[in-house]
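Can you read through this structure? Questions will come right after.
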Amino acid sequence: MLRFLVRRVLLVLPVLFGLLVLTFVLVRVVPNDPSASLAGQNATPQQIAEIRAKYGFDRPLIVQFGVYLKQVVQGDFGTSIQSGRPVARDIRQRLPATLELTFAALGLGIGLGVPLGVLAAVRHNRMLDHVLRFFTVGGIAIASFWFAIMLQLLFAMQLDLLPLRGRLSAIMDAPKHLTGLYLVDSLLTLRFDIFWDSLRHLILPAVTLSFGSLATITRFTRSGVLDTLQKEYVLYETAVGYPRWLMLWVYVLRNSVVATVTQVGLLFGALLAGAVVVEAVYDWPGIGSYAVFAIFTSDYKAILAVTLFVGVVYAIVNILVDVLHGVIDPRVAEQM
Amino acid sequence: MRRRALTYLGLALLVVATAVTPASTQQSIMVWGDNLPSNLDPHALYDVPSSFVQLNVYDNLYRYEGNPPQLKPWLAESYTASKDGKTWEFKLRKGVTFANGDPLVAEDVVYSFKRVMGMNKAAAGPFKAAKVASITAPDAQTVKFALEVPYAPFMSIIPVLTVVNKKQIDPQVKGDDFGFGWLSSNSAGSGAYVVDPSTYIPQKQLDLKRNAKHFAGWSHNTKPIETVKAREIAETATRVNALIKGEVDIGDSYLPTDQVERLQKEKGVVVQRNESMRIFVIRMNNSKPPFDNVNFRRCMSHAFNYEGFIDVILKKFAERNPAPIPKNLWGYPQGVKGYDFDLKKAQAECDKAKAAGAPVGREIKLHFQAQLDQTKQAGQLFQSDLKKLGLNVALITDTWPNMTTATAKPETSPDMWIHWVSAYFIDPENWIGTMYDSQFHGTWKASAYYKNAKVDELLRAARAVPDQKERARMYADAAKQVVEDAADIWVYNTVELRGVRSRVKGFKFSPVGSGNELRWMSLE
Amino acid sequence: MLVFRKFLRDVSAVIGLVIVLLTAVVALFAPWLAPKPLDAHESHPLLRLKPPSAEAPFGTDNLGRDVFSRVILGSRAALTVAVLVVSGAMLIGVPLGLVAGYRSGWVSETLMRITDVFLAVPQLILALALAQLLGPSLKNAMVALTLTYWPFFARIVYAETRRLKTSVFVEALQGLNASSFRIMFAHILPNAAPPIIVRATIGMGFTILTAAVLGFLGMGATPPDPEWGLAVSESRQYLPDAWWFATFPGLAIFLVVFGFNLLGDGLRDVIDPRLRRSR
């Protein structure tokens, strides 16, 4: 198992290195000279040249890449041109918001998707199955930004049931920082008012973000369960007279989640991408809205850092999924 | 037994929960819903959002108040100017302290000025024009500026200089960053409010706490606001909704006219309308063909539907202002008609340009500001009318930081872009002076890259003459020439619209800072 | 024929096909179908933000343009983007996948590691960064989407080629001294076609969605393009009053993507029995 883990991590390293090269090359072809934007609005050509020399923009690309690599390894992603703060700090500050949102969305997706998938499998090729099929195909066809706006329109603007935006009512202070996840921190500090408030704020963004993954999870659970239902032991045990619900929700489901677990790794990427849009619409103070702003303002250090960061998170999640997969099904680990 | 224990536990939690519930709501907390500046360093930025920090967290020697804006002695009690207009001496108020308790002395003012110039960011612009030869502190209460040449608008730019605490910044300086890395998310001022750095998230949230020891005292406001929570809301409709729901107490000063009626229907919200000095300009990069052709620029000037834009889209919440000086300021060229919307005239001018060999058919890139929808509407309106002349316009989403960077060079500066020139200081110099004197090429204000020797001469002369009447004449003459040359398209002077919850009392508007000064405000 | 009949029995796949065909027809004849084709770029400030009526079934937008016409005209941008991006991505990804799968050693390793690098970050994030660097426009958005979508094809083709490489017929061809090029493109590729087609169909829907996101965030289509994502972003400021302005372009995106997904799903069932949905 350990060997498997090490091997899996080693496989990721060249990919991350490649990502470093890619992001570096991307930013180097920017038409806007970064030294011009660093120098500020009143800079003379001479000052821009000075800045270019100071930051090493005039040195050969390979040397610049070396410098960049060294900084990244040390965890130094440079300073954002806009906020004037280390990008790493900005990301650290905003990360919990994104995690809270993605975990909530994933939780919703699994919590609803698995039962729906089982239902669809049981009602295989009947009305409910067809309805759920339209729903699962439709779920990934909805543009998340539009869905977000429609939910805002209905639940926040017209019905006035839920907050429109943000992570907490402006009037509330954030709970004491323990994990950075407001729901957890507020519970740990017994601030139920904050818990309630942040829960209300979380609902619409989480529902929006979960919609696509909910559809995918439903779909894979359905086919996994269908598969298992046709295995001999199921037929045998049914014949022996196990209660049907126990069979279905315990034995069959346990044997069917493998496909779903693998999907979760892939889904995480979709969730991170989705978070960019969802956070932008709901003013969610996470990495996604940070990325959009960085891209908008050509804050190239921030763009680089976010892209790299997402790559690392994505890689870690996928390693975790593989490990989990190995735990559920040891044969997988041996094959790797 | 276990169940009862659980019940008790639940009850206990409930008690705790209710005990800690919003003590906060009883305190006076105001939620501020305007856009936040990109960072908090008062010397790094010089735009409308940053005025929120500059006015509230920092103080200046003199300060603008009211509408029309008046200069008020602030950290300085008085000033004297030498006869030749080259030496300016300010006497500081005694006993003023920074929010952290350090005394504010002349040395801090000198340091602040040197910091502004050394960082050479946006706020340095006006002072560069003033050509300050030296700044000294003869004693703790005196600051002396010596100019290379007389600069008439000197007093009007003095409020741009915000005073920071040298002692507090010194230990934070890293390399040659002037402490920017620290001051961009902290405060070191003497102002009426202090930044709470622990909750600050750039461009998302900023909390300010009242500085009870502010030098101006609080006798003018018996119920000042203790805490102000500024929350950035990216989208206009969301911002308006948040106002209606009472989630925020005040919006931004660019409230779209479409939303005015909606807000007026709401009981809890008042729409503040104030005539301002903020000109809406469609810039043309005069250095790029075909914009280097005056006939082409006139063609463009005749092709914008001013009446349609002001009367229909803006519902008349604006006043046509056809020249680069606000109508309500001295120096405005009375009697200049400017350009009217007339596609026939436009066609004739464009034909002339074409005959002269200007590449009239090429695609024109017009940049608008993503967060300010009005700039897009104007762009779209313009685009559809230019289409009738056979001119193709590509509209490009852009952002303020991006565009001000791009305008640094004539090659990267867009063909056209749309923005406002707000009242940073009250003098024609803030508009026509810094927009059309060719020495400012490379700054966003001068992004037309317009050059006319006669205008340069007039504007430079106007800077050197102390007499306002004479200056007014020179600015008016220069303005006539710039209009004649159709350097840009000047559309209107703004009526600033801002949604404010009615529980907010004491909102005091001034074109400088758009009424962002918190010390007047209280909550009912 | 059998395949065709099997497909026709799949109701939802047929619905998908009908939606896709209808969209194609609408896109082809958009300027003639739209009641006010000039509203693609012409504005009528006096008619702004009118609710749906007989005159304008989907209402009018912030510049008085007919939303119905613009939704119809927008189908062109959507389909163009989908077709160009997906074929561009195939043009890059399929040969790379073939070569990587057929060859072994460092060529294959290098190609697949490069593919992995692109797949290491969600496509949207890479495409967003790329679109901004190239400068926002619909053309650049398409370039950005193509440059970030090809790895998906490379992956599939690679896997298929690996599988087919060891099959009897390829070994026989190798025995006959057929050129590698011929084996790859004339023999392996046709056999690998089914999963490529399925991916391409679903990819069309996916690309329309992603392009709409770019348009929504201001990194894609530029005004006055009647692009749907852009329209939704323009509509936000007029909510909740002008609900029609936001609703209909979004519905159009949904419908078209839904069509492609249903079709792709149906094709998968028919062509690729290993992935049969209804087993």
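A few points about this structure:
Per-chain residue numbering starts at 1, and chain names A, B and C are given in the order in which the chains are listed.
The rule is short, and it goes like this: contacts are C-beta pairs under 8 Å (C-beta built on N, C-alpha and C of every residue); 3 or more make two chains touch, one makes a residue touch a chain.
Here the structure is a predicted model, which means the values were calculated and not measured.
Chain contacts here are complete: no pair of chains fails to touch. In this structure, the chain pairs A-B and B-C differ in their number of contacting C-beta pairs, and the larger number is found at A-B.
Distance between chain A and chain C, defined via averaged C-alpha coordinates, is recorded as 23 Å. In this assembly, the C-alpha centroid of chain A lies 37 Å from the C-alpha centroid of chain B.
Computed centre separation for the pair chain B/chain C is 43 angstrom, with centres defined by C-alpha atoms. Among the residues of chain A, those touching two or more other chains are numbered 31, 152, 157, 280, 296, 298. Shown for chain C are the residues that touch two or more other chains, namely 135, 218-219, 236, 239-240.
Within chain B, contacts with two or more other chains are made by residues 235, 238, 241, 370. Listing the residues of chain A that touch chain B in their complex gives 31-32, 36-37, 39-44, 47-48, 79-86, 90, 93-94, 152, 156-157, 160, 163-166, 169-174, 190-193, 280-281, 283, 285, 289, 293, 296-298. Residues of chain B that touch chain C in their complex: 235-238, 241, 256, 258-259, 262, 305, 308-309, 312-313, 370, 373, 376-377, 379-381, 383-384, 387, 394-397.
Residues 14-16, 18-19, 21-23, 26-27, 29-31, 124-125, 130, 133-134, 137-138, 140-147, 149-150, 152-153, 157-158, 223, 226-227, 269-270, 272-273, 276-277, 280, 291-292, 295-296, 298, 303, 306-307, 310-311, 314-315 of chain A are the ones that touch chain C when the two sit in their complex. Within the complex formed with chain A, the chain B residues making contact are 13, 16-17, 20-22, 24-25, 29, 31, 38-39, 41, 44, 119-122, 124-125, 128, 180-181, 183-185, 199, 201-205, 229, 231-235, 238, 241-242, 245, 247-248, 370, 399, 401-402, 404-409, 412, 442-444.
Partner chain B is touched in their complex by these residues of chain C: 41-43, 45-46, 48-49, 62-63, 135-137, 218-219, 222-224, 234, 236-241.
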